[in-house]
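In the two complexes below, subunit A is the common chain; its partner is subunit B in one and subunit C in the other.
For the complex of A and B:
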């Protein structure tokens, strides 16, 4: 009698649904997965080490590149840790802007997630719908910071600059002209806040549209219900956060439990799941779209009616305005010192965590009193999720591995760091 | 002697007359697919090669033909190269018995339906051999999935066709169509509706198209059975798949939608100025085929992919029982002459 053995399959890193550079070693019994061993490190760029050799402010840009689909949220955790270390007061308007952009980032991230999750399970149309909306939000990023993705918009003490009064418009081109041009510029006639409001109000309808494609789709349900089930106890033990934890039915959200920025002042709900399977996590994230949109509308409302500074007026931490530099020697010196040497943080340590779209994203900084961190530790939400991969896919089929990768919403920028 | 020669040349001319338009149809089906799905997905589709991208298929073919055919080191050369041919040949050969209009066909054989069933079943060997000969785990999984899936759906499809056979009382495709003449309500879609649905869904599964494309499974097993194929060998797989899609659509039109019969027949339009609409024409056949092809594209843009075991469950536990029950219903209807179709 011949010997029957399981066989090993190499899934990734060059695989259409490896979400970047995931490498899974799968031990398969036919189509059934017996063991899944994720290999990480293919996107390691040494962010934490790099931060040790640079003044605090110069590492903000690296944070964008950690979880490169929820850029501003990463910045938020980093600057919040620095602010804690320095004890800087952030102006209220800046806090509202941060709240708004955190939520826009959440929508950006979840759009990317629904697109790729759908694509992994074969529903490819959703991917392009999601990217249509993403494009608009990217334009907002570009309008405030000049960069579509890696914004570097948050700074210790506030944000880089106030929201623009005018939303940039599409220029006429061979492809977009006449009626098309008026249509794409319809929301862009007024200020940026007008644009965000128009987009967000329309977005509720868009989410409904996505749901018509998937939520009650029998095939979608067959592919996600009962797949990758995590019990609430197990989810806590595994260190899950964000929608992964809420999908299992635990109402844990840092925005409610440890409010930062202006989350204590805005009204929103935390959706939670019941069964802890892929479908529940899908529903939770779809609901988060709507909650994020609600928060954005409240922020827009406040920002419209309240003006004020957007960055702390503390020249040790934030640069003086260009005007002041022209005739004030002190300001010029501050500017020079800030952009060469940076600032020195008092010796000590600080941990700041925010509810990033994927879960708790935290930065732990130890300062020895120098102008750069002695050590920076990034707590990436994706890491514990990926670590639970084996537990979630064991006994499922190869196609379900793909569903679980999608539901974990993995991005390797933050896992490999 | 002379007669034989003329017959031979005439037959060859007919073969070319079917094969060349078929290849062109495949070429433009790929373009149509990209355009239609493009518009469903708020994008343009190909629009750079020629006006509205009309020359795109030729650019694709040219590219594929010029690429190297890579033979994996430990593959079985002979099987690896013969597999695409095994997929393609039946897809084209089946067209021999397809009537395009009353009496317009390459071969009029009385067992036409049986011939088509036999040939379309052969196509799967290409897929299995390709997956096996590639000596790749991904391709192997694709071949396994395909083998299991085809067994299930071949049966459902066969039973659906038996329904048509009972209704028409003949295996000859030409006679099947003429048996449906009368009006829109005489076509077999009405009495055989469950069989039509099952036939077409099985057809989608048979051709490995979304949402049943588990043998290819882009996001799971990369490209499944043809993951190791490149260049012309890949193009042949592609050609075979699309020729099969057109075949399934054409057969659905012939067997359930009255082939070349006009949908305006029997509506009392005869003798009025709109009389020209009621005539039979291959244009109707063409239009009906296009309708089913459009469904293929629509499915692909809409549905997520089934999991392999779910496809099997659907095939064995839903489709086959329904077809068997409906066969009995049809048989009773035919024997007792219930309805106006027989």
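For the complex of A and C:
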């Protein structure tokens, strides 16, 4: 009889379903995983150390590049931590804009997740639909900040500027003209809020469409039901947050429990799972699409009826307007100081956490009174999730590893930082 | 969220003298403990019915070597004007060869944990300075919160803090074969080595970095925000 023994397999770092640069060392017994050792850090850029060498505001752009599919949520946590240190009041309109963009970001992130997760598990079609919708939301990012992804839109004290009055339209080109052009510009005739409203109202139907492809799909269920089960007790022990925790049946959502921005004033529910497997986490995230859309509609409604400043009028923190700067010596000095030296935060420390699409995204800043943070620690939700990889895949087949990577919604920008 | 006053009272009731220092703080209560009590305090924080911090949200290392140091002194204005912001020894100012060596300081390395109690809906920050700054050591929390595993590996990798009792204390974020602990304040911002493709050897090789250390905006502490009242955090 021939000798049977375990063998070690290398997975990644260049693999389409590794969602970036994950290197997994798998110890296999036949096709069953015995041990999994993720090697991370291939995307480590030392964001936290870089932030220590720059004035506070100059690091906002780095935050976009952490979890690069939920950009504005990262900014939100960083900016909120600075605001806590400085004690700045944020105007109400800015809070509503933040709430709205956080939820749009959640939809962006979940679209990316459902697209790639489906692709990994053999549901190709969904990827195309998800990216079609993502493009519309990216246009909103671009309209408001000038950048499709790395917006740097949130600033300490509010947001950089108010929402545009007109939504940019598609120009005529060789590929889009005539009837096609009218169709793609149909929602873009009015203001940006009109566009967001039209998109969101339509989005409920889109989610139903996605669900017809997957929810009762036999193959989908075979790949996800009973895979990567995590009990509620273990989920807490392993530091799970967000949909990973809610999938295990724990109703914990920072938007409800420790509300920030305007979440206390909008109406929404927290979906939770029952079994804590990949399928339940899938259902939770699908339901979050609808809840996010509900929140966006409420924000649109408020923003339409209420005008006001979008950034705190405190020239020590936020710059004066261009007009004022040209007109007033004092404002010019403030502008100059703010962009050359920045502002000094009082000595102390602050931790601000927000419910990012992947879980609790937190920024911990220690300040010694200087114009740069003394220490910045980014608490990335994906980090403890990936740490639990071994526990989740042990005893599963090799193909289930891919399902678990997908369900954890791994993005290496935030894990490696 | 519950009131921070009652939390401090509950902490004092449960932990007694093991709290070296406590502070209400703007965002959450912060306590400091001695490294000898680290494990028992952590266990008590999780198990005690009035505390119940079931989740370890975050664990990180901190290096207090350069705390309060500036690259531009604004306090000594004379009739000849301000000093220029070109002096000082921030991590952006020295290269690998010129890094400060043999610096010793008490209370240099700290481990900070953020805890979350779902039952009471409150957060707590616990700080612990390691005893020896030449070889910082502290007990591992892995038996109390499983997720401490990777967080401790990260703190070890970036700061060189050794966690006693950790089963698998390997580097996690830096490259295979990396030398030094990059987040220490005496580690240059430009780093140590860079990789490039070597035409002759026909493989990727490590060479000393070519970037010149430089600081675009000097670090400055303005008097009005100064580190006066809680300089020694």
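Quick note on the criterion: the second predicted complex is superposed on the first by the 414 of 417 C-alpha atoms of A that agree within 3 Å, B and C clash if a C-alpha of one lies under 4 Å from a C-alpha of the other, contacts with A are read in each partner's own complex, and residues count from 1 in each chain.
Operating definition for what follows: a contact is a pair of C-beta atoms (placed from the backbone, for glycine too) under 8 Å apart; a residue touches a chain by one contact, two chains touch by 3 or more.
If you're wondering where the values come from, they're calculated on a predicted model, not measured in any experiment.
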| item | value |
| --- | --- |
| Touching partner for A:387 - first (subunit B), second (subunit C), both, neither | second |
| Partner chain in contact with A:185 - subunit B first, subunit C second, else both or neither | neither |
| Contacts of A:236 with subunit B and subunit C, given as first, second, both or neither | second |
| First, second, both or neither for A:275, with subunit B first and subunit C second | neither |
| Residue contacts with subunit A in the superposition, subunit B compared against subunit C | C |
| Footprint of subunit C on subunit A - complex, ascending | 40-41, 44, 46, 48-50, 52-55, 58, 84, 87, 234, 236-239, 241, 250, 252, 257-258, 340-342, 344-353, 360, 362, 364, 366, 368-372, 374-375, 377, 379, 383-384, 386-388, 416-417 |
| Complex contact set, residues of subunit B against subunit A | 37, 40-43, 137-138, 141, 144-145, 210-211, 213-214, 217-222, 300-310 |
| In the complex, subunit A residues that touch subunit B | 7, 9, 15-17, 30-31, 118-125, 128-129, 132, 213-214, 217, 219-220, 222-223, 397-402 |
| Of all residues in subunit C, those that touch subunit A in their complex | 1, 25-28, 30, 54-58, 60, 62-63, 66-68, 70, 90-92, 112, 114, 118, 121, 123, 125, 145-147, 149-151, 154, 171-175, 182-183, 189, 215-217, 219-222, 224-231, 233 |
